[in-house]
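Same chain, two partners: subunit A is paired with subunit B first, then with subunit C.
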Partner chain A sequence: MATLGEAKQMILDPAIRDWVLLPIMVVMLLVGVLRHHITVLITGTPKKPQLKAVRESKALMRGSQLRAFRNAIPPHAFASRKAFLTEAYDQGKYLKNPNAPKEGVPAPNPMTDPDMMEGMMEGMKKQVTNMVPQMLIMGWINFFFQGFVVIKLPFPLTLRFKSMLQSGVDTRDMDVTWVSSLSWYFLNLFGLSSVFTLILGDNNGNILYILGLHHYNEPIY
Partner chain B sequence: MSADAQGSGTEDVHKYVPMYMAHNAKTMQFARAGLAAISGSAAGILGLKNLYGFAFYAVNWVLISFLLLAIKTQFKPHLFFKGGAKDIFTDGFIGGLLSYILFHTFLYGLVHLYQ
Partner chain C sequence: MARLDFEAASLELQQYRQSGERASERVAYLASRIIKDGYSAKLKDDIWPFYEQAVTAALDVGDFRLADECIENLKRRFSSSSRVQRLVGMRYEAEGKLADAQKIYDAILEEDESNILVSKRQIALLKLRGLKSEAISALVTYLDTYYSDAEAWIELCSLYLSVHAYQKAAYCLEELILLQAANPIWHLKYAEIMYTLGDYSLALKQYCRVIDLHEDHLRAMYGIQLCASKILDNGEADGTTEALKELATERILATEVNQCTIDSIKQVVREYLSVA
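Then we have the complex of A and B:
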């Protein structure tokens, strides 16, 4: 097994650094900033929820808060609140539409509910603004820089990583630690998140946001 | 409060205000992002190789986690994070590592690879 010795050292042309390595990084940075601003632009103001719907959810929250802080109030206060809320719930005082039949009604089809459609459209819009630029950059790199070896990792890896790090370069004997241009793109894609956090704030740095996957693991409070 | 907050279960949810929790997480994320970028660059410029690079990251990680614990939370992590000290020491380790690797590789390449 060859080590990272001098014998295997390749010399890279500084022109590769100036015209491949740095441009890819800078373009990805700028596209990330642009993506952030486009997302801000096309995200409309959140739709105002209906008054009745808010009342229903707040009433439910009130119940669960009473349950959570049961030890913080005197017993008689707890008992009277409990009685009041139980009665209100039983009568359906706070329901969004109290006249709706109680059970046996199937859930409405989300496709026909305009509120749900709106929410889905928002998600789709964000996903598109996230994915399209990334695919464009990938196409750009594949078209102009295919087969460039741009940089070397400072740590050794097993052969298994060869296909991952040297995509686009088909050489059998090159050391695994050399990185091709397309793989440099992937390194940037995953690694620039901290830069976005620093310059854009918020959650922009999160890789899940960049890939449009953040809907799947939002914390539920 | 801190003793109460250690309990588990869904009812604890009400003891934390989501807005403040989000702010705390953001503050921590910001510190982490700075750590990843700066320590990665430092490792690259120093020319750390092989496992030394990862060891450098680990040392820095523990250091900044301890600083967050000591300075930002005044050793009362349960007031700020649901998981307490565990959150401070584990959240975002892998994401930070990816950024660290990028900057390590980048600066190492610029300083030591291209002549």
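Then we have the complex of A and C:
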């Protein structure tokens, strides 16, 4: 029996640990730190709110406040405020641009609005800095370490974890506790966020992005 | 001098930062101790809000050396920050160089017209110069944009009160009540202004509202007592007013007896209530 058990046992070359397992982790860690700094660099200062826009939103708030707490003030005070606000709203005194076209005219194309464009560009820039390094790392792993089994987990798992832990390795018989290189990459991708919090402090760019990228990767599993 | 308990001190400062309480003397003392005992490096990233807090407190207590030191440190780190510039402006203000401060504030607002804190400082400058009517009109413009700023409304209210414009002050308080309907202080102030204007029945109602929000509010109960007597004197009263007056008198006596330990004061209260 003992010989049978030993025959079934699979042994990993320590070189795999030194040249595949640890490098993937270190590279991902370093790329994460690098991306954090790049994100900080390319993120422009937050856009300052326009005075007129603030005024518009506060005026709307004033109306709703008056509606909600009308009982708290005497009737004459309420009446004068109501008259003032309805007139102001009717004439559009508090609007951001009072001369804007009224309802019925189709909304302008968002592409021509510089404000909108800027916001979209900001989002794009972030997306790109998130996507590009991940795609590169994934390509690197697929190219060099495709089909590698890199680590054995020290605890048993059910069969359902096979697709999660052994993506890129198509074997039916291998024990679920063995982890393939590509899966090791994904484990790192999602598992390193708390490490980043430790290194870079709260609110670093990585956590957000990991949450965002999650949706992208789901079909791969 | 005993060593400063750094942990406790930094926690206390943090609490002041969060609550916004302006305990300037305490903050300035703690800040100077932390800097002198060489704990500032231990604050890590908290050092910047700490410096900002220390500057304001130091200017309040007139410790220019501490303020300058903190401003220098902040300038070295944030060379082009409007937040630091504002502190420099406040430094000028504290020294009395109002024109210089004005220049700095104008420059910041040129960059960013939506800087609330600096807009407020400009109004404060007008007040400091004693230009009440200008300060009032600046505040009105400010509130036209930032309607929801309760602090600004109460400031405008007290400015109006200082020029005896009670109707306008009452308007400000109505706005405050709309903004924070559950705050008994606004109702109390409104009631007092209404009393000053001679609208006793409305004042009475507002005093009752204060009691509604804050049980056994002594000042409001005196108010009710006073308003009710005025209404009774004018002969416009109904049964409720009389009952209210009796109730207020009873509650004032009960509260005073509970709270006050000096017999002579109790005597005065009793005499006053029996006369009124």
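Definition applied: the second predicted complex is superposed on the first by the 149 of 221 C-alpha atoms of A that agree within 3 Å, B and C clash if a C-alpha of one lies under 4 Å from a C-alpha of the other, contacts with A are read in each partner's own complex, and residues count from 1 in each chain.
By definition in this document, contacts are C-beta pairs under 8 Å (C-beta built on N, C-alpha and C of every residue); 3 or more make two chains touch, one makes a residue touch a chain.
Keep in mind that what you see is a predicted model, and the values were worked out from it rather than measured.
Novice: Which partner does A:Gln65 reach: the first (subunit B), the second (subunit C), both, or neither?
Specialist: both
Novice: Going by the contact rule set out at the top, does A:Lys152 touch subunit B (first), subunit C (second), both, or neither?
Specialist: The answer is first: A:Lys152 touches subunit B but not subunit C.
Novice: Please indicate which partner A:Arg55 is in contact with in the superposed arrangement: first for subunit B, second for subunit C, both, or neither.
Specialist: The second partner, subunit C, only.
Novice: With both complexes overlaid on chain A, does A:Pro74 touch subunit B (first), subunit C (second), both or neither?
Specialist: Touch partner of A:Pro74: subunit C, not subunit B.
Novice: Just to be sure I read the superposition right, which of the two partners does A:Leu21 touch: subunit B = first, subunit C = second, or both, or neither?
Specialist: first
Novice: Identify which of subunit B and subunit C touches the larger number of residues of subunit A.
Specialist: B
Novice: Just checking: does A:Thr45 make contact with subunit B only, subunit C only, both, or neither of them? Give me first, second, both or neither.
Specialist: neither
Novice: Give one of first, second, both or neither to describe whether A:Asn97 is in contact with subunit B, with subunit C, with both, or with none.
Specialist: A:Asn97 sits against neither subunit B nor subunit C.
Novice: Under the contact rule defined above, give the subunit A residues that sit at the interface with subunit B and also at the interface with subunit C.
Specialist: Touching subunit B and subunit C on subunit A: residues 65, 69, 201.
Novice: Could you pull out which subunit C residues touch subunit A in their complex?
Specialist: Listed in rising order, the residues of subunit C that touch subunit A are 45, 112-114, 144-148, 171, 174, 177-179, 181, 202, 205, 209.
Novice: For subunit A, which residues count as touching subunit B in their complex?
Specialist: Against subunit B, subunit A makes touches at 4, 11-12, 14, 17, 21, 25, 64-65, 67-69, 150-156, 179, 187-188, 190-195, 197-198, 201-203, 205-207, 221.
Novice: In their complex, what parts of subunit B are in touch with subunit A?
Specialist: The touching residues are 11-16, 18, 21, 26, 29-30, 32-34, 36-37, 43-44, 47-51, 53-54, 95-96, 98-106, 108-110, 113-115.
Novice: What does subunit A use to touch subunit C in their complex?
Specialist: Touch residues, subunit A against subunit C: 48-51, 54-55, 58-59, 61-62, 65-66, 69, 72-74, 77, 81, 201.
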